[in-house]
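Each of the next two complexes has subunit A plus one more chain, namely subunit B in the first and subunit C in the second.
Let's look at the complex of A and B:
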């Protein structure tokens, strides 16, 4: 017992010493935490994304020594998609000096969103969160580049109607969605569009407990015979829906998912039977791009990645989307460094950086992300940027591009954004507006 | 020595039945209260408030509510999470309908809604008990969470289906909502928890508490000596659900700031039940000890590697955490099946006799 105590004491001393030494020699760095979930019911979809985010930051640190000599300290705080852990992680990373929060769950975003004003903490929620966060004048601290869920809903409808929504007149569209804030997000826009263009919207919720067994929902789909099934799924729900669609022989070319419903592993489960399934995506994997080659060489081959190489995760849409998410954040840091002429940026400066992201064609090329993301640009009034997205189609072994870059119907969406943003601000008085923004 | 009861003479029945027959107990409680009210708030960081202190207090309050029903009156319930939800949604509706209402009043009122729902689902307890009763409370759990999801009126038809806490002022200070400071919220929760605990201690020591205990230990015998079982069981359901409802309102309004229906699903019920069982059924103190073990320990364990500078992946920490906490629970239950409160009781008895045990 005595010896055990001594060993424990020794270990603690060494560990503490190491920590101290580490701090003493530390370079300039910025803390960019990620509220990750590699555990829990959504781990399967989360892990490739987190791996991508982590590997891009590691690559930048290895190749360029971070951003202009400042180490990008990417750290994960595990939430398991649990909102309670989310609060804990948010507070913990804030206390450690984080300059951004990436909540990774609509539930956690909901909790963090009102606090971001008080704590001056930028929220980066690429491709998720509230669609109304687009309105930068109301949501001063929240960012959801490069496309919002309402953009996604609009683009999906355009694609399935061959470019003219009036073609959908008299048709029936089922929205198979997770019964959760995330899944309900597109409903307001879809309802408006259904009324305007004369199609029937049939929301079919999937409870969190029914994700793996959707026989009731698919029975309803067989009975109602919708012309299209649009899916807003996440985690285990996607695999459940796709296998159920194959089992009930629902025509795959009438089945379309949002960008979070396009995990390669889910489609690999059904292989050829999933041919024709489409998913909207604002990212596309390109192994030949400079960034992916650098990641392969400096991170994956060097053994610094947590990637699962046996499943071919490197080629997945989700892994490379994770890379793009970190690229946006890193660019935000660099923009802020340039504008404020400083090395270590703070929260307020990063907020400016994220507000002035400019992923133009030239910039995308310069960064080495050719063909991976359509161009977009954020401003103080527009925190989304609206990159547009491609429709990807499963060819039996992988996703391939099945359309040019689609663009959302701005007029419809912007009106709804203004309405919902105002509603949110009114419900949360006193809510500070960004009055400096004149755009 | 520390706990010597020599020279503490009781000269009347009244003194013998006092809340603290041993003077040191009162001192100990006094020290804890001084810590809770004065020393901790001066030293704690925002992380400590939001991740440790406030959740421990709220969970302990919820467990206290459950303990009254399960530990004192012997009626097993698996619907605590849903009853917390009733309190939270009721408070949300009251606050949004009457924005000028004092939040203390709103929280106190919301308890009545969950008490009413609790009594309704407690009615079957008059005919069934044990596992069978657990099933009916489980039904409450499923039904209520379904209701929170489907009844748009409850969340004011917001498109996300979640409820959000607005900024709420009380006497010029913001106590709830995003602009409230953690210290204020801590004091608010602490005050409510102290008041409810004081009430609960006195209810459970008094006439009603004894009626509950007699029903728990043998309901037929209790009925034979003239106890009205219906009144006893339903009052236990009402008071327990009231406290649970208040805890639910605090849970959302003073801590989380936002809630979606599945938050109140069965894992929450189990968590509260764990706290009550590990803390010790039929005790008040146990709820706090249980909450510290179940709620605070994982948070503390999660921050340890970072503090010691051990490079370890956050996901791995989480896996280890689950294992350690699980093992601790089993260990405690093997060492002392009656919970942590009983553990403390044994320590206390030993201390009283120390240094001269028989």
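Let's look at the complex of A and C:
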């Protein structure tokens, strides 16, 4: 009898467990994978970004039960920033039912760009990828909000020329860049602007194996004596360059980086010696914002985050930029839910959501992201949104704001976008255009 | 004509016109060369004694440097962290011998090579699990390594020498000297060389294969730590350090896989020549970044004339 009762109890427990699990399984969710790189030579840059992305999604799931009751299933597929592995991850996550891909490298983005048309897969590449993806009529499935690399190049030049690019006439600007699609991305715009405004552009490539030993590049800088060094660096290249700049005694106030060249940990390596180094950034950390407080309480303090609290990573520009990237994706999902009056959105619906992102001042406040990102708005014709960006300056211990929001020169960029988008479409025929878009 | 001038005459005119700059280039090349030689030595020692091409040498550099910095972060004084790191590297050598190499004795070379790829993957995962992937600051000052720079003004110009680079060069020279004395004068050193010369003969006179393997992997660990400290002091300690191991490959092609002297001379030659080529030919004529391929092309040209490398043993096979 006793044995029978035990068996009955066990059976009831299993049945209840199964029912509970079934209910949990039945809860609606959308798969939002991230092609992450927490390993390899770029891990130092990637890890805080991925942590930020992951923690925002966890916070939304904890606080709001996801997006309107739909769990945001954030998953990572490790690429090590390797293009081949990135393409494998794209295929794997697509097969698992992903409704978006976040390729996290310009090289991977360029590889999956043609596939996205065939697979109807939205590509979300915030602040990276091919700048011409701005043209939503040509790149129906690709998004690079809130600013493209060409926006970044234009804003950096405006800042170093005090707002008038003609002031750069006769000057020499070195572009210290990773010898990789990412690093080469600003060159077309910079070449155009160099011709128009009469400055000399000196591209200085840094190979992957030379990232940690850039003495040759900095000897060239010593010999050529450029008026400014603009850095398009990623991962270990940034720390290597900043260390060499200190060693070469290059004036830090003439050394400016794109937004991926502003990792707090890289500057901490040189500390006070890096004072005056500036980096453009479309994000700014604000621990007092509602979102960051919620993440602290519901994710970090609850032990659900992977971030390294001993290094102060929570305060870093990159960690909080990761938060913003996930906020863009989550808003895309919510916009699609509202517009299509559905809960579980599909790829096509998310695509619509991403091309209708409206991060107005009011929306940024409503989301609890105060002061963390300038306003921007995407449309079917403009997949970038052009938020503008701040110039941040290293004060020896942290990055502080060193400018108001800068804006890119749209006229120059739009012309180049139209030209390069057409060139891309012509070279990849048959290339489907988004003819429904009339903007 | 102008093209020939830019290749054959102008670079030398530039060298003469700015001799201080040339000295700086040579110094930077020498520093890089010493570091390449250090990495190559790690490969050579293991290959000499066991015929294993150790793919894990790069990750051993990362692992040793991360262990040192990690121990210091946990509150261990820097000068105590160094011997403790060496203990960790010794334990790693023992573990590799017991778990990976011993079961694979007498297997073809390619199997052992693949096993070192396995060790690499394991150390990448294990290292990231323990230390995380972020960039860490090398404890340069805590180790007593000077961080200032010395400036000279030869020929009316200036040459700047980082004290940590100078320390690296001196440290590497001392390390290599100690290693050469050990290999040539000590009983264990001779045993390592004997194994390199003839496995079967060495075993027949009672040399213990497992002891020697542990020893050479431990020595490779010491070299990895020295390399990790030096490179880490330049640009931080992260998994990106692993990439620099690939710089040793052309050094090995040039110097020969079995020659300690080859690793040293090959490293120095490649360090200095690739820097000179990049600055005076690569940057003005080819848009720069020739360091990614110069060493391989140079090594290939040498191999055309000496297939065994500059100091490798001539392979004679009778058929």
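Everything that follows uses one rule, which is that the second predicted complex is superposed on the first by the 413 of 439 C-alpha atoms of A that agree within 3 Å, B and C clash if a C-alpha of one lies under 4 Å from a C-alpha of the other, contacts with A are read in each partner's own complex, and residues count from 1 in each chain.
Definition applied: contacts are C-beta pairs under 8 Å (C-beta built on N, C-alpha and C of every residue); 3 or more make two chains touch, one makes a residue touch a chain.
Just so we're clear, the structure is a prediction, and the values are computed from it rather than from any experiment.
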Open item on the list: Let's test your reading of the overlay: on subunit A, do subunit B and subunit C clash or fit side by side?
Closed with: clash
- [ ] Determine, under the contact definition given at the top, whether A:420 touches first (subunit B), second (subunit C), both, or neither.
- [x] first
- [ ] Answer with first, second, both or neither: which of subunit B and subunit C does A:388 touch in the superposed model?
- [x] neither
Open item on the list: Applying the document's definition of touch, where does A:38 land relative to subunit B and subunit C: first, second, both, or neither?
Closed with: both
Task: Touching partner for A:203 - first (subunit B), second (subunit C), both, neither - done: second
Open item on the list: Output check: A:91 vs subunit B and subunit C. Expected answer is one of first, second, both, neither. What do you get?
Closed with: first
Open item on the list: Quick check for you: in the superposed arrangement, does A:374 touch first (subunit B), second (subunit C), both or neither?
Closed with: neither
TODO: Quick one: classify A:353 as touching subunit B (first), subunit C (second), both or neither.
DONE: neither
Open item on the list: A:179 in the overlay: touching subunit B, subunit C, both, or neither? Say first, second, both or neither.
Closed with: both
Task: Partner chain(s) touched by A:265 [first = subunit B, second = subunit C, both, neither] - done: second
TODO: Residue by residue on subunit A, keep only those touching subunit B in one complex and subunit C in the other, then list them.
DONE: 38-39, 179, 207-208
Open item on the list: Quick check: in the complex, which residue numbers of subunit A touch subunit C?
Closed with: 38-44, 46-48, 179, 203-213, 215-217, 219-220, 222-223, 235-236, 239-240, 243, 247-249, 263, 265-266, 268-269, 308, 310-311, 313
- [ ] Could you pull out which subunit B residues touch subunit A in their complex?
- [x] 45-47, 50-51, 55, 149, 158-162, 164, 166-167, 177-179, 255-258, 260, 262-263, 265, 299, 302-303, 306, 308-310, 313-315, 317-319
Task: Residue ranges of subunit A touching subunit B (in the complex, touch as defined) - done: 12, 15-16, 18-20, 22, 36, 38-39, 75-78, 80, 83-84, 87-88, 91-92, 94-96, 106-107, 110-111, 114-115, 117-118, 130, 179-181, 184-185, 187-188, 207-208, 306, 420, 427-430
TODO: Using the touch definition up top, name the residues of subunit C that touch subunit A in the complex.
DONE: 18, 21, 24-25, 28, 31-32, 35, 73, 124, 128, 132-135, 137, 149, 160, 162, 231, 234-236, 238-244, 246-247, 275, 278-279, 282-283, 287-289, 291-292
